[in-house]
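The following blocks contain the structures, represented as structure tokens.
Each of the two complexes below includes subunit A, the first together with subunit B, the second together with subunit C.
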Partner chain A sequence: MQQATDSMVQTLLDYLKQPLSALQEWLAPLLPGDEWAAYLAFALYVLIIVGGGLGAILSRNLIRAMLGLVMTFLGVAGMYLLLASPFLAFMQLLIYVGAVCVLIFFAVMLTHNTDGGEESRLPSVASVAYGLLALLAPLAVFGPFIVMYAGRVPVATPEVEGTDKLGAGLLSSYVLPFELISIILLVAMAGAVYLAFRGYNPKSDGLNQ
Partner chain B sequence: MTTLTYFLLASLLLLAMGLAGLITRRTLVGMLISVELMLNGAGLSIVAAYKSIAAADGVLGQLAALFVMGLAAAEATLVLAMILVVQRRFGKVTSQDISILR
Partner chain C sequence: MELSNISISGLIILVIACLLVIALMVVNAIVMVYAERKGAGFIQRRPGPYEVGPWGTLQPVVDSMKLLGKQIFVPSNVDFFLFFAAPVLAFFPVLLLFLPIPFGPFLTALKVPDGIVLILAFAGFGLLANLLAGYASNNKYGVLGAGRAVSQGVAYEIPMILALLAVVFQTGSMNLSEIVEAQGRWPWSWNILCQPLAFFIYLVTLVAETNRAPFDLPEGESELTAGFHTEYSGMGFALFFLAEYANMLLVSFVCATFFLGGYKGPVLDGFWWTFIKAYLVMMFIVWIRWTFPRVRFDQLLNINWKWLLPLSILNLWITAVVVNFIGK
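Then we have the complex of A and B:
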């Protein structure tokens, strides 16, 4: 009885593995080398980035645009993982998704710019034309350079550096930029508080003087 | 075409989409979203270059990307404060209506 169950489970597992290995065999000639999983992940992340980015710039609802932005952040975090920088991927989620998106959400909320706001009207034809130009200009200017020259640099497979190396770098060679960014963050915070509270009237709702 | 090319093309896409959004958006909040897209592209290109190129120091690239993230956070904070001020002063945050300095 026990043996029969085992063999049944084994058959089921083999059956489940079949489509995966078939997919692998089918994809293998299309992909260079045996790094096909990395290329597959890269394609997936590019899809996430482009889909999220298009949502972020085209959506007529700013909350949906922000959700597209979150999707793009997730795709870029995946790219950092592919580049063997797990700490950066973590920081991407923590800083961008955790902090910047909340700030943007507050900005949307405080300006009442959700559904029937300024962005809900369709843009004019001229604005769309300029947008297309702005979309194509960087691609036309930098694209050929990247395709021509980036392939000539000798590349190596990236390796994971521990956070201990990052910390050592921050406290030895790159201590000046580290201090500088602390000052910048402090000044930005003080400036933001000053700007937001200047002329603040506690009796009004804070938005209309 | 090496992996570096693919990563740089992905970051170029981010830059192009951010620039297009910056042009087409009417409100400051939408423009802030587009700027964040572009900054993400910048960070991605820095990390891709430093981690892929054989002769480059990967630690330096990661630290540079961390600085870009810090600057993006500072920028978002300041822009939120500016949006608040503009909303109080003009009643709306469309870039068309903010044309006087005083």
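Then we have the complex of A and C:
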């Protein structure tokens, strides 16, 4: 009985797919190819990243700036999807949007963000100029490589790899950087505990220090 | 549909799936409003809604008409953009979360290899929406509710992920369909039997993550009026409400998939088992809402950091040792 229903559902799905594939054949000449679709997606994600970044820098309100940051993270996650690594994309969202941005929000709320603060004034021309100069630094480092290798390296379409390869890599060839990163996190955690417990009196009940 | 080869037909299937999910969310909200009010009435020994329609069944319809017709009131000095972005941000990511759920053997909208990571990743947007709502409405109750929502959401997310990770260790896959396939047809071959601790931890954290009583601190009405959605009326409130019920349904589906055998069940496998199991979990959530008193905030955090987190780490460690040395 189980197999009968399974095959019935399968036939039904096949039947549903027929008009869809006909539609696809009809639409195929009108649509851009895979490569152009990839360029289009890339352009869209670049737009999201740059737009979010500008929003984060230019908005005079800290919470809106954080929303711009969230948008940038979304665009970066889209870039990971385009590189055929959905796991990294989801992790990007899980950690940066779900945890980091939420904690930034918490910090902003705890520090009583007023509208007349330092960040609400427009920066001077000189500091904008220095910022633009700093923008050139990564270009100076990576620019020669881009010029040297642009269009020469044939890039194969990336395949979606399982997370098992990621895990095996992290625990074999890249185990040292992996452990070093965890030491950095441990140091940060120890610092946070030290800051939180400075002035803490163990004799009180901990609720009202 | 596989994630790696998206075609036009795949996109059309995705659009149809999204429409079906919206329909499911709305119908679910209507059914659950009635079930919750009747259930509350039963537990508190009163009749519940009984005036509108036979046995009060039309009550949720009338309720939604009221919400649609209500004036949308905007208090002074709100951050206008964020005030209206927040309910939309609460509602739409939930759509995505239903796509990787295997409702039946063939009834899966998006077969993602890391389905559970997708669900956990986009679940963070709901929390963000609550925060923005509390902040943007220029209300002290709202800000307090948002602050509570952060510390609760971030805290309870960790044992939840660790509890699900134990099942992932055991199955060796993050694909939801494969997790269902690894379980048997009868209740004694479901994951609830070999992961009882993970199931219990997940059950506690799912109540906390959906902001339901006894963990409904972010919107505790006797302390904070309505918490982060104090200033929302009409459709703004309705979108938060829809999102809350949809989140409840989602965590129930994940619970059914991970611990209760998903679409597998006695006699005949199919989507009906997924729905029956998920709605049993939903009724459980309703039941404990009307049975337990609300916890205090320090109790809430102590339960998480001092009990659930160590227990879930212990559970994960034991699972890893068993899987590694004894086999699955």
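Here, the second predicted complex is superposed on the first by the 135 of 209 C-alpha atoms of A that agree within 3 Å, B and C clash if a C-alpha of one lies under 4 Å from a C-alpha of the other, contacts with A are read in each partner's own complex, and residues count from 1 in each chain.
Just so we're on the same page, a contact is a pair of C-beta atoms (placed from the backbone, for glycine too) under 8 Å apart; a residue touches a chain by one contact, two chains touch by 3 or more.
A quick note: this is a predicted structure, and the numbers were derived from the prediction, not measured.
Applying the stated contact rule after C-alpha superposition, one finds that A:R64 touches subunit C and leaves subunit B untouched. In the superposed model, A:Q10 lies in contact with subunit C only, and not with subunit B.
Once the two complexes are overlaid on the shared chain, A:F73 sits against subunit B while remaining clear of subunit C. Of the two partner chains placed around the shared chain by superposition, neither subunit B nor subunit C is touched by A:L171.
Counting the residues of subunit A touched by each of subunit B and subunit C gives the higher count for B. By the touch criterion defined above, A:F87 lies against subunit B and subunit C together after alignment on the C-alpha atoms of chain A.
By the touch criterion stated above, A:A99 is placed in contact with subunit B and with subunit C alike. When the two structures are aligned on the shared chain, A:G191 is found in touch with subunit B, with no touch to subunit C. In the overlay built on the shared chain, the residue A:S21 is in contact with subunit C alone; subunit B does not reach it.
Within the superposed three-chain model, A:L44 lies out of touch with both subunit B and subunit C [touch as defined at top]. Within subunit A, the residues touched by subunit B in the first complex and by subunit C in the second are 84, 87, 91-92, 99, 103, 106, 110, 159, 207. Residues of subunit A that touch subunit C in their complex: 1-2, 5-6, 9-10, 13, 17, 20-21, 23-24, 27-28, 31, 61, 63-64, 67, 70, 84, 86-87, 89-94, 97-99, 101-103, 105-106, 109-110, 159-160, 162-163, 207.
Of all residues in subunit B, only 1-10, 12-30, 32-34, 36-37, 40, 43-44, 47-48, 51-55, 58-60, 62-63, 65-67, 69-85, 87-89, 91-94 touch subunit A in the complex they form. Taken together, the subunit A residues at the contact with subunit B in this complex read 42, 45-46, 49-50, 53-54, 56-57, 62, 65-66, 69, 72-73, 76, 79-80, 83-85, 87-88, 91-92, 95-96, 99-100, 103-104, 106-108, 110-111, 113, 117-119, 121, 123, 127-128, 130-139, 142-143, 146-147, 150-151, 153-156, 158-159, 161, 165-166, 169-170, 174, 177, 181, 184-185, 188-189, 191-193, 195-196, 198-199, 206-209.
Interface residues of subunit C facing subunit A in the complex, by the touch rule stated above, are 3-4, 7-9, 12-13, 79, 81-82, 85, 104-106, 112-114, 117-118, 120-125, 127-128, 131-132, 135-136, 143, 146-147, 150-151, 153-154, 157, 174, 268-270, 298.
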